[in-house]
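Below are structures written as structure tokens.
Both complexes shown next keep subunit A, but they swap its partner, so subunit B is in the first and subunit C is in the second.
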Partner chain A sequence: MLQAIIRRICTIAILGCLSPALAQAEAPIKIGLAISETGPSSPPSLFELRGYELAIQEINQAGGILHRPLELVKYDDQGNPSTAAQLYQKLLTSDRVDLMLSPYSADLTAAVAPIVNRAGRVMLTVTSASDSYDGRYSYIVQGITPAARIMLPLLDLAKSKGYKTLSILSLNNRLGAEASKALTAEAEAAGMKVLFHETYSPITTDFSALALKAGEPKPDMILGTTYLADSQGILRALKAQNVTAKMIGFSIGPIEPEFYKGLGGVAEDIFVPTSYFPTLKTNGNEEFVKNFRAKYDLDPTYHAAVAYAAVKTYAAAIERVGKIDQDAINKALHDIELDTVVGHFKVNANGAQIGYSAYLLQWQKGKQVLVWPAAEADADPILPHPGWQ
Partner chain B sequence: MNMFKLAAGFCFVGAGIAVAAFGSGFVAQTLFQIVLFIMLAIGWNIISGFTGYVSFGQVSFFGLGAYITSIVALQFNVPWYVGLAAAGVIAPVMALPLGLIMLRLSGIYFALGMFGLARILQLIASELEITGGPMGTSIPIADSPQLAAVVCVSATTLVVLLTYALYRSRLGLSLMAIRDDPVAAESIGINTFKAKIIAFCISAAVGGIGGALYVWNIGFVDPASAFSGTIELQCVLIVLAGGIGTAFGPVIGGLIISSFSTYLWLNFPLEQQAILGIVTMFVAIVTPGGVAGLFANSKLWKRQSLWRPIEAGATLSNVTPFRASGQDRKPILTCQSISVHFGGVRAVNSVDVTAYRGEMLAIIGPNGAGKSTLFNLMSSFLKPTAGRVELNGISIVGKKAYTLPHQGLVRTFQTSRLFSSLSVWENILVAANSRYGKKAEAIAAATKALVDVDLLSHWQDSVDQLTPGQQRLLEIARSLVFEPEVLLLDEAMAGMTMHEIGRVHQALKRLMSRGAAVVAIEHVLPAIAPLAARVHVLDFGTTVAEGIPAEVMRNPLVVEAYMGREDAESEKQHA
Partner chain C sequence: MYQTLISLLVLGLLWGGVFLLLAGGLNLIYGVMKVVNLAHGDFIVLAGLMAFSLYEIGFNPLVSLPIVALALFALGGFTQFGLLEHIKGSGPTAELRTLLATFGFSYVVSNISFLIWGSQFQSIPFLQGAVVIGGIALPEALLVCSFVAFALSAAVHLWLTRTKHGKSVRAVAQSSLGAETCGVDVRKVRFLAFSVGSAMAGAAGALLICLIPFQATSGGEMTVQAFTLIALGGLGSYVGAFLAAELLGIAEVMTQYFLGANGAAGIIYVVFVAVLIFRPSGLLGKAGRV
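And then the complex of A and B:
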């Protein structure tokens, strides 16, 4: 404590003596966030963290931003919204960070957005639901494909195969509600019929009844707007109840390596939409994948990629502004168009992402394969689902 | 001294508001956290400390307040203070029906019931659309951390003043009496259920405002945080650390624990919960009375009695007798073929008893004869399985026990049931308050009752400083405050010195001379024999004999049953 005070006094003294430019060169730019390092959302959260850390490492190795190094200040929110809100209070008032990043999940972002926005701090997020980008927060900018668009590649593929009917299971949270609503609207617009749609609580663990009901009208597709644990639970229940359909797909969950590890062969042929894949020919992706593998011995998921792209986007915006000025950076983020590893970054006036798009993966023989859109695909989709062995 | 305290408090609050208003965002937020928990702890202390109903679900009201203010703000788009006020009004209104259900439970069942209530409310909040579902919803946030802190400090100051007023009020005294002994509180005419409901609703209002402040400050509400067990735990910890059931315990505990917890949060955010848990255990073991307990006997901290007796020599003439009573020998309390069965046990079996105005009826019988059960039937603490009980010709079967003192029937208990945390004076005063509407009347009646039993010089003492005999005298005095028409004394004179018995006799004679009936259970017959006009002998729940004392005591049945049994009883005890 005393040390910190002495250090602060010394810093002030030095600042007074030396030229401002030199002093600035020494002080790091602090980037703050809370993320779910523990709890059920930890697998995707940890990928985001890896993405942030890799980008910061690359930028610092290249001399930092405005000749200042970046420093990550992070806390574990354990997936709890009010913990996240308190941690962001702390980041803003006690840690006095310069830049904010979002916590994992749209729900936690919604919890921290009022505080961050009130403080007049920019926050570049990687969370999908729209209510943080509907115009009420002028400082919150989205760096990921919006929830309303993530399920659409599934419908595009289904259309091409002539599938007509679907059952939807949706998690009762922001992403689930919004993605399933958009999915229903788009399906109906395309002349398809939603035969069954049910919302389940985040604390649901037994999905047997839900699986049976979803399969009962014999739909062509069973689609879930899910996170990790629930997507696994639903898939186990579908197998246990021997419920099948021509196409089975979930959001988010099957992105994670944990999904396959936990389910094994059951995960085969399952579809998952994504906003990024390592084989994409996007700007800097080859180098990103190479560095990510070298640092973590893992393939980057889309969570890692959007996080990595967010820090790179910040860097571009700050270089353009030339100083740490929240309003100027905010304006730059709204104006900028940038090709990142995820795709073309561009937001509308409310800060909602309109540039990044969505792709479709399928688990084939223990590996994720990019199967849609056809132009970027690495392999053909395996359809229909062969049923449970 | 009082002016000094007032000035000190004023400066303290003023400083708090100044710091909140002009401090940095960080300072304002820290202050907000600390002060909010003081408020929540006070809310918990009202129901659990004052009233003795330990709750593990006070966070229910925090959550209700949080959601009320959120829904009001989102649906009606009103300014923040309307939302806060709505939480303060609607939370207690919603608490009313909940209290009607929950307060039928007591002890651990109440604690667990409240715990369950919080979980149920959390589930409801997760399911409804208007609440924003399981993952919560953003709501309008306070314009600045400073504003939130100023409002929080001001609101908490109001709540502290309100609690202090409650602590120094009739209601507060009744609540503490209920905490000490709910049955004795009923016996002196306190509608304990109503008093508890009021306390429950006040505590709900405080919790509700706390919840509303909390969500207004962060601009977000979700079920898991609104009904969080951690908030509950911290409130309990604060009250325990500060001193449960005291007026300022939660304030002191809050300043200490909240500051400590905020310090932990800022420096060890991940370890905070674990450290707080350990501190809770430590506090519970080391200082069961809390900080206030450590200084309980210092002059600054000692609880001062509510009001004070009239100075010696002043006139007590404004005390009115309970009712205009006649001198003629008329039946006043009659039991006809009264029976009560507990399963197969016939504790009282078809007994007829009548008490007459102006005389004493002694009820004797061996242990387990059903004497105290008969008293419970007469005072409506028990409902008879069959038979009638009439007071002044009106049936009292099924009436609430607390209504009977107001109709002229008062009882005492076999074992002493004084209110242990109240002073000698307050033990009387709480009964006098229940009997008389006006403060002056209550003080006069209480003073007179203390004089009657020679305890006026002990008025500031706590009851455990009295001898056992004095404690029994105090209990009788507590009954005499009502100037009852019927007084039921259950072995009231056991353990008294001859001098004390003389005092009681005097008081009873005076009561009877006004036309009141006294029904006395005694083991030691000489203690009442000189006063008893008639004796009623019970054994195995039935009447063995009745009549004037001399005749009854010669009755061979009585000698055989009563005395013989007594011998057998004592042999059993020796073995």
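And then the complex of A and C:
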């Protein structure tokens, strides 16, 4: 009887000693973020979320990182920068997450970056504006092609065709300003001439006069740093005023399937740069596309791909470090060079992405087709623009 | 340059038609009931997204227009009977209460749109060409929007001035108590005015989505634009709203061309502030209305 009691006490004591260690071994690594599950930016945000979730699912199925599963802690910021700032504060103080991911959009990332950086937490972001990576935030690392480089494939293709002049229309926001500034600089450096450059407010709905002005100098190219609604508005105005050019291309807007759905044939032959496309022959892309389609019954967008690649990059950096140590992970992210589904991940000392490049798509017969660079292209670009039917 | 100026003037006039389409229903409702329907823009967006869904199953937007207008007529009737009719009080107190009620209702409508259509921008590829007359391109969508706006305004004007129902509506607009004393069914008139105003928002939505991409949350901006326009014209004044719409259309297009697109987005508010300073009742409004 006494022996049985002693045995039971010993068993309880041993289990008591072991259980924290067991719990520690299996405690999940928490990854926190706020994302716009509702609000105007929710369609691309939801693609980002899908990319994060698929990567986490794959990593967990393969045994986790450092034998610990990943757990996503997420909140809905509704696209509001001040809500996002509060939520990141909560993630840091109440949820005490181990790793941070960025919210959707440059404006929201700019709102949360100082909070995360001050707390000494690493945040791998998927927003392209550069001001969070100019050296002021040592813990913020960029995991997407920078805005300044996104429009460059358009110029490369134009150069190859001998086009010399362009008109630029740019949305008056962080991304539009940065992308159009870089576009102007690169065009001039390549010996091209910017004949017209004008910005417009995000609430602009009537682009008639702007289209007339952009077409007046008869440029070889009409390029826009735009989102969806404005790119559709500009294109409608160009068509209605019969303004055309040899090449017409816009950022971001024409990536969305709704671009073609809302414009029909007018969207034909329009170019759009991207940082990712499902047919790319990048490392693991075939499997990623297959798994994404199986899980969501959708093709992955670049939002989903950069998000997926961000989690995989985190995993590689942590495996290299061997522990959850913010400074060590930060250093590993700065040092690491990794081939992801998006391309070759590499950042500079400020955390700005210098490895990922940009590609060019064109709407051809109702489908987006990868047309540039030539080595990666699935089809030849249709140039010059055949004019409005 | 001469041809460009003519083109800009024509475009301005046509965009004036679009503004009129945007604000017509709001103007009718305010003129009769002194209710500023802050859900007006959300009604337009809801109607536009309904037209989008009908287009997806094969309906031409011009066929969808009466269907959507009818649906919005019913929604207007429901809003009036279910919400506004229950708000008691008169004068400024009632105006403030209805303002708050329609403000709250705007969130209900926009969130219903969000639940059904999500938050992606949607648009309909319809009437994207242009009619060219004398070298001046007249965009088809603008032409149709303007035509419908003017036709609706004229129809409402005729209804108000030539029919018994219309005269009842005007009687209620002048004095609800007086009209009731004369045997006019005031509740019915209010129902009719709100429903017709909402149906006009429905017609506007079905056409505007062919011109301007909508998302579930686009309504707020439209309400502000529509309200600014009718305040500029003189709240409740139809001829004033027409003049204001044309003035703003021309001002916006000219500003965009000569001063830049950033300035054009704000010109509507610059003109509005100027009118408030120099003519507080609006262009054709009665003194003390705004």
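Just so we're on the same page, the second predicted complex is superposed on the first by the 368 of 389 C-alpha atoms of A that agree within 3 Å, B and C clash if a C-alpha of one lies under 4 Å from a C-alpha of the other, contacts with A are read in each partner's own complex, and residues count from 1 in each chain.
One rule holds in what follows: a contact is a pair of C-beta atoms (placed from the backbone, for glycine too) under 8 Å apart; a residue touches a chain by one contact, two chains touch by 3 or more.
What you see is a predicted model, and the numbers here were worked out from it, not measured in a lab.
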Checklist entry - With both structures lined up on subunit A, is it a clash or a fit for subunit B and subunit C? => result fit
Next on the checklist: Contacts for A:L92 in the overlay, against subunit B (first) and subunit C (second): which applies, first, second, both or neither?
Outcome noted: first
Checklist entry - After lining up the shared chain so the two structures overlap, which partner does A:V126 touch, if you call subunit B first and subunit C second: first, second, both or neither? => result neither
Checklist entry - For A:S201, is the partner it touches subunit B (first), subunit C (second), both, or none of the two (neither)? => result both
Checklist entry - Which partner does A:N172 reach: the first (subunit B), the second (subunit C), both, or neither? => result both
Item to check | Which of subunit B and subunit C A:S82 touches, first, second, both or neither | outcome: first
Checklist entry - Touch check for A:Q232: first (subunit B), second (subunit C), both, or neither? => result second
Next on the checklist: On the A-aligned overlay, A:V272 touches which partner chain: subunit B = first, subunit C = second, or both, or neither?
Outcome noted: neither
Next on the checklist: By the touch definition at the top of the document, which applies to A:A111: first (subunit B), second (subunit C), both, or neither?
Outcome noted: first
Checklist entry - Which value in Å is the smallest Cα separation between subunit B and subunit C when the structures are fitted on chain A? => result 8
Next on the checklist: Based on the A-chain superposition described above, do subunit B and subunit C contact any of the same residues on subunit A, and if so which?
Outcome noted: 172, 201, 203
Checklist outcome for this item: Seen from subunit A, its contact residues with subunit C in the complex are 38-43, 172, 198-201, 203-210, 212-213, 228-229, 232-233, 236-237, 239-242, 256, 258, 261-266
Item to check | Sites on subunit B touched by subunit A in the complex | outcome: 24-26, 29, 126-127, 133-145, 218-220, 222, 224-225, 228, 265-266, 269-270
Checklist entry - In the complex of these two chains, what residues of subunit A are touching subunit B? => result 75-76, 80-82, 85-87, 89-90, 92-94, 107, 110-115, 118-119, 131-132, 136, 172-174, 177, 201-203
Item to check | subunit A-facing residues of subunit C, complex | outcome: 4, 7-8, 11, 15, 18, 114, 118-125, 128-130, 132, 137, 139-142, 211-213, 215, 217, 221, 252-254, 256-257, 260-262, 264-266
